[in-house]
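Below: a set of structures, written as C-alpha cells.
Two complexes follow with chain A in common, the first pairing it with chain B and the second with chain C.
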Partner chain A sequence: MTGTAAVLVRRVPDPSRLNVDRKTGRLVLEGTPFILNPVDLQALELALRTRERYGHRVVVVSVDHTGAQTELHEALAMGADEAVLVSDPQFEDTDPTTQAHLFRAALERFVHPEIVFAASRSIDHTWSTIGPQLAYLLGWPLVIEAEELDLEDDGVKALAHTGDHRARVQAKLPCVVSVARGVITPRHATSWGIADAFDPHRLTVKTFADLGLGAEAAERLHAATSVRRVALAPTERDRRVIDGDADEVARVLARRLIDKGWGGRRP
Partner chain B sequence: MSDAAMGGFLDAYLSQQAEATEVQVADEARPGEWRTVWTWIERVDGEVLPACLELLGRGREIAGELGTRNCAVVFGQGVEAWAATLGEHGADRVYVIDAPEYEEFQLDAAREALAGLVRERRPEILLFPATIQGRNLGAQVATALGTGIVPNCNALSLDANERLVIGHQTSFEERLLSDVAVPLQRPQIFTVTPGSYRRPGRESGRQAQVVAVAATVPLRPIQTKTIERAPDRPKSLSQFDAVVAAGLGVASRDGFQLASELAAELDAYAGATRGAVACGWAGADRLISVTRHRLRPRLYVACGVVGEYDHLKAIENADLVLALTDDARAPIVESADLVGIGEPSELLRRLLDHLRRAKGERVRSPP
Partner chain C sequence: MAIEFTFTPQQELFRRSVRKLLRAEIAPRVVVEKEGHGVFPSEAVRILGAHGMLGVPIPREYGGAGLGEVGYCILAEELGRVDSSLATIAGAHTSIGMTPIWLFGTEEQRRKYLPDLASGRKLAAFALTEPTAGSDAASIKTQAVREGDHFVVNGRKLWCTNGDRADVIALTCVTDPALGARGGVTTFILEKDTKGFAVGTIEDKLGIRNSSTAELILEDCRIPVQNVLGQVGLGFVVALTALDGGRAGLAAGVLGASKELLDIGIEYAKSRRRKGEPLANEQSIQWRLADLAAEIQVAEYITYHTAALVEEYYHRLATGAHVPETLREQVSMNAASAKVFGSEMSGRATETTLEILGASSVLDRNRVEQAWRDQIISEIYEGTSEVQRLIIAREILRKGGTQ
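Let's look at the complex of A and B:
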C-alpha cells in the first residue's frame, strides 16, 4: 500500500484541569487547556509505525466546532505528514453519530484514505464509538482493537479482537482499524518535529461549507445524545472508621464490599 | 463520492431521524409503538456473560416502571436452550436466532440481523454490556438506525414520565460525572460497564416466551476474517478494576499471603508497598508507587499499609478505598473511605471468611 492512512483525532479538555459551572451543570471550556484524546495518540503511533514499514502518507483528521490547531500541531510534531481540520461553529451540538457523517465527507473529499485508524476508547467515553460508526457509514470492514498490523497487497493482517476473543484477523482494504488502548506507547515529538509542525502547508483548515453537504443538512445535524448535566466527582473520602471486635469489623467491611458488587459474585 | 450522492445519503439519514421523531410524537396517540426493553446477550465460551444477566435485572426494573416487557436477544447455535436461564434471570421474552452462522460473533452479520429486528419490533431501550463486542455492535447498530448511543455507563436511571433512560457516565479518568440521554430518537441505546449492577437472583421456574427469529436478513459477505485465535493479553495493572496492596502491617509472609488470597477473591491485582518488597514478600514489579504509575481502580484495599506519600499519590484516584490497619493515626486513614481498625492479618482472615461464606450462600440460594 502506498496511498494514504487517515488517523481520526479529537481534542478533549485536560482531565486534570476540568472546570464545571455548578449552576448550569455544564463544562466550562473557555480557558480550559485541551489535549488530544490519549488513545488517539496510540492510534497515530500505530499509523506511524506502519508508515515506517510501508511508506504511505499519514494524515490526521479532526472535526471540531472551534479551532483545534494547537492539538493538531502536536500530532504533526509527532510525525504525521499532514493534518486536516474541519472546523465550524455549527458543529457545536454534534456527537460521534453525527460527526461520523462529517468525517466520512471530509475523508472522501480531502483525504482519500485506504485505511483509517481510530481510537477504541476515549477519556470522555463518547468519542470511543467513532471507529465502528465510521466503518459502518463507509461500508468498510472494521478491525477491532488492533495491537499489531501488517499490510499486504490488498488487505491487512492484524493481531486484534473478533468480539469473542483475541485473534489474528485479516480484512480487505480499504478498512477501518480501531486501535486497542494501552498496548502501543506513543512517541514523543522531536524538536525538529515541533519546528516542522508549523509549516503552514501541512495543516489544512476547512469549514462545513467545504464539505458540500448543503445548508439544509447543517440545520439538521444535531446530536442524538444530550448531556443533561455534568458534575465533578467528589474527591473527599468518607473516612468512616470501624473499631471493635475483629469479626464484627470484618463483617461490616465484607457487607460493604458485597453491596458495592465485590466478592461473592462468581458462582 | 459526488456531492449529490453524499447529499442523498444525508437525506436518507436525516429522514430516518425525522421519522424516529415523528413516531415518538405519534406514540402518545398510539400506545405500543416503541415499547419494550431489550438486552443483548453476549456469549463467552458457551455461557451467558454475567454482565448480561446484570443488565437483564436492571432491564426488568425499568420495564416494570414503564409498564412494558423485558426482553433478551441472543444469536448463535443451540441458544434456544438458554431461554430458560434468561427467563429465570428476568427476561419476559427471548428473541432467538438459532443458526450456525451466528455461532462465532461476526460484527457485520450481528449488526445487520439486530438492526433488522429492531426496525421490525421497535424496542424503546436497547442495552449492551460495555465489552468489546457490546461497544462495537452497539455503535454500529446506533448508526444503522440513526439513533444515539451513550457508551460506558455505570448506572441507568429512569425518567418514567418522559420515558427516558439517563445514562450515568464517569469519564475523564473518573473525575467527571455526566448524565446523558437520547431524547428524541428511538431506541435509546446504552452500553453498561460490567459489574455496575448486582446479578439478579435466579427465580427457578420463571419462564420466558421464546420468539424464534429466522435469519432471513441477507448477510453481507463477512468482511473481517479470523485467521487463528490468539491467547488473551495478560492483564496489565491498569486493567484491573480492583487492587489489593499489603504493607509491613500484615507482619509476615503468611499475612501477605492472606492479602494475595483476598486479591484472588476480588479478582484484583495483588500489590505491595516498598516495605513489603524490601522484606522479600513480593517482587519489585508489584510495588505500588506514584513513581511507577497512577492507578484508577474502582476498589483499592490497603492491608497494613501506613500510607507513604508516593503510595497515597498513586492511589488517590481510586473510587473506593478500604484500609485495614491497627494504627488509627496512620496517614492511610485520612485517604480512605472505610477503615477497619484491628490487627491486619486477623481482619484479613475474617474478611475472607465472610466473603467466602456470602459467596457460598449466593450459590446455594435460591436453588
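Let's look at the complex of A and C:
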C-alpha cells in the first residue's frame, strides 16, 4: 500500500487539570486545557509504525467546533505528514453518530484514505463507537481493538484483543482499524518535529460548507443520542480460599481463571 | 521592549512536549548519588539528544531545531525542575560549548561540527577558567603559539563542565600576551582525540554531582589552524558573547528549580497538619510562600525578556546583520541581572522550602536536600554573583540607572 492512512483524532479535557463545581458536582470545562485523547495518540503511533514499514502518508483528521489547532500541531510534531481540521461552530451539539457522517464526508473529499485508524476509547466516554459507525457508513470492513498490524497486497492482518482473548484477523482494504487502548506506547515529539509542525502547508482548515453536504444535512447537526445518566457498573468481588501446596494452589487458581474466561488456554 | 509576554503556540507546544518527555523518560532515571563522583547520566543525555533537546537554538540548516534562545530557556527551565545536573550538562553543551561555533564559526566549521552536536551524537564543552584566572578571565595563561599550520597549546583549564565527556571543546587561549583581552585571546575548537590533550582531575562536588567537572591538561597540544574559531584575536568576544546567552539559560534553570521547590512547599503546607490544622492555614507559612511566588514571577519576566533579547542578538550575529551597540549592552546587563537575581532567589527558595518542611527536608536523598546542595553552585558558576554585579554596575554608572 502506498496511499494514505487517516487517523481520526479528538481533543478532550486534560484529566489532570479538571475542576469540579462543588455545588452541582459536574465538571467545569471553562478554562480547562485540552489534550489529544490519549488513545488517539496510540492510534497515531500504530499508523506511524505502519508507515515506517510500508511508506504511506499519514493524515490526521479532526472534526471540532472550537477551531483549536494545538492538538493537530502536536500530532504533526509526532510525525503525521498532514492534518485536516474541519471546524464549524455548528458542530457543538454533535455526537459520534453525527460526527461519523462528517468524518465520512471529510475523508471522501479531502483525504481519500485506504485505511482509517480510530481509537477504540476516549477518556471522555463519547468516542468509542466512531470507528464502527464510520466503517458502517463507508461500507468498509472493521478491525476492532487492533494491537499490531501488517499490510498485505490487498488487505490487512491484525492482532486484535477482544474481551478475553486475542485473535489474528484479516480484512480487505480499504478498511477501518479501531486501535486497542493501552497497548501501544506513543512516541514523544522531538524538537525538530515541533519546529516543522507549524509549516502552514501541512494543516488544512475546512468548514461545514466545504464538505458539500447541503442545507438538509445542516439541519441534522444535532446529537442523535443523549446521555441520561452516568453510573459505575456494579462489580462483585469473589473471595475463595484455595488450600493445598503451592503447585496445587497454582493449578486450581489457573483453572478457575481460565473457566471464568480471564485468560489463557486450557492446558 | 516587550511589556507582556505571550509564548507562541509553538513555544507552548514545545514546553508541553518537553515536560511530557522529562516526566516519562528522564525523571525516573535521575539518581541522587552522594558517594564518589556521582554518575554521569549517559542514558538521559542520549534520550535528550535523540529527541532534539541538545540542539534547540541552533538553526534547522545546521541540524538544530531553530527554536531560539526562548525555546532553549524553556528547555532549561523544565530541566531545572527535574534535575540541576542535567540542566548543567545541557547548558554547558548548548549555550557555551556549541553556540559559539554557530555564532562565530566559518561556514565550514558550522557544517562540520553543528549537525553532530545539535543531534546529541557528540557533546560539547567550554573551557575558560584556569588555576590563576577565574572571575578575572582576562588573566588566562594557557598559551597557543603558531607553528606552521598548527597552534601549539600549553596550559591547564579548570572547572570544565562536560570536560571529560565532550567530543568538542571551545578552548580559550592567549595568542598574543602583549594585546591581552583586546585582540590577544583566541578560541579554538579542540577535538578530544587531539594529541597533547588530556583530562586531569574530575572534581568531587557538593552539588550537581552527576554533571562532571574536569581539569583539562594541554601539553604541546597541536591544534590545526583551521580550528581557530572565527578569527585569531576574537577569543574574548567569543567567550563573553557565549556567557551572556549562558546566563539567560542558567537563570531559566534556577527558575525551574525554584518553581519546583515552591510546589513542594505548597504541597507540604497543605497536607501536613499541626494541631489538626494544615500548616498552610498559618499566616507565617503563607507569607513565606507568597514572597517566593512573587519573586518567581519577577524572575520569570526578566528571564524570558533576556532570552528574547539574546535571541535577537544571536540571530544578528549569526547572519552577519548589524548589531547595535545598545543591543549588546542591553543583553549583557539583562543577562547579568537575570542570573544574579535568579540564582540568589533560588537560594531563598531553598531556604523557604527547607524551613516549611522542617526535619523532613534534610533527610538523606530528599529532593529539597539535593536542591540545597545544587543551588549554591548556581551563584558561583558562569560568573559569580559578584561578577554579575560588576557588569550591572559598569552599565549603570556609565549610562545612569534609568535608561
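Here is the rule we go by: the second predicted complex is superposed on the first by the 209 of 267 C-alpha atoms of A that agree within 3 Å, B and C clash if a C-alpha of one lies under 4 Å from a C-alpha of the other, contacts with A are read in each partner's own complex, and residues count from 1 in each chain.
Assume contacts are C-beta pairs under 8 Å (C-beta built on N, C-alpha and C of every residue); 3 or more make two chains touch, one makes a residue touch a chain.
Predicted model, so just to flag it, every value in this text is computed and none were measured.
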Touching partner for A:E52 - first (chain B), second (chain C), both, neither: neither
Greater chain A contact set [chain C / chain B]: B
Which superposed partner A:E30 touches (first chain B, second chain C, both, neither): neither
Partner chain(s) touched by A:L232 [first = chain B, second = chain C, both, neither]: first
Chain B versus chain C as contact partner of A:L213, first or second or both or neither: first
Partner chain in contact with A:F198 - chain B first, chain C second, else both or neither: second
Which superposed partner A:H161 touches (first chain B, second chain C, both, neither): first
Which superposed partner A:D153 touches (first chain B, second chain C, both, neither): neither
Partner chain(s) touched by A:T190 [first = chain B, second = chain C, both, neither]: second
Those residues of chain A which chain B touches in one complex and chain C touches in the other: none
Partner chain C, residues of chain A touching it in the complex: 69-70, 73-74, 77, 188-198
Interface residues, chain C side, partner chain A - complex: 9-10, 12-14, 16-17, 20-21, 24-25, 50-53, 55-56, 60, 64-67, 71
Sites on chain B touched by chain A in the complex: 1, 3, 6-7, 9-11, 13-14, 17-18, 43-44, 50, 104-108, 110-111, 132-133, 135-140, 142-144, 146-152, 166, 169-185, 195-199, 223-233, 236, 238-239, 242, 265-267, 299, 320-322, 324, 328, 333-343, 346-347, 350-351, 353-355, 358-359, 361-363
Residues on chain A engaged by chain B in the complex (per definition of touch): 12-13, 15-16, 18, 20, 27, 95-97, 100-101, 104-105, 108, 120, 123-126, 128-129, 131-133, 135-137, 140-145, 147, 157, 159, 161-172, 175, 178, 182-183, 211-214, 217, 220, 223-233, 237-244, 246-247, 249-258, 260-267
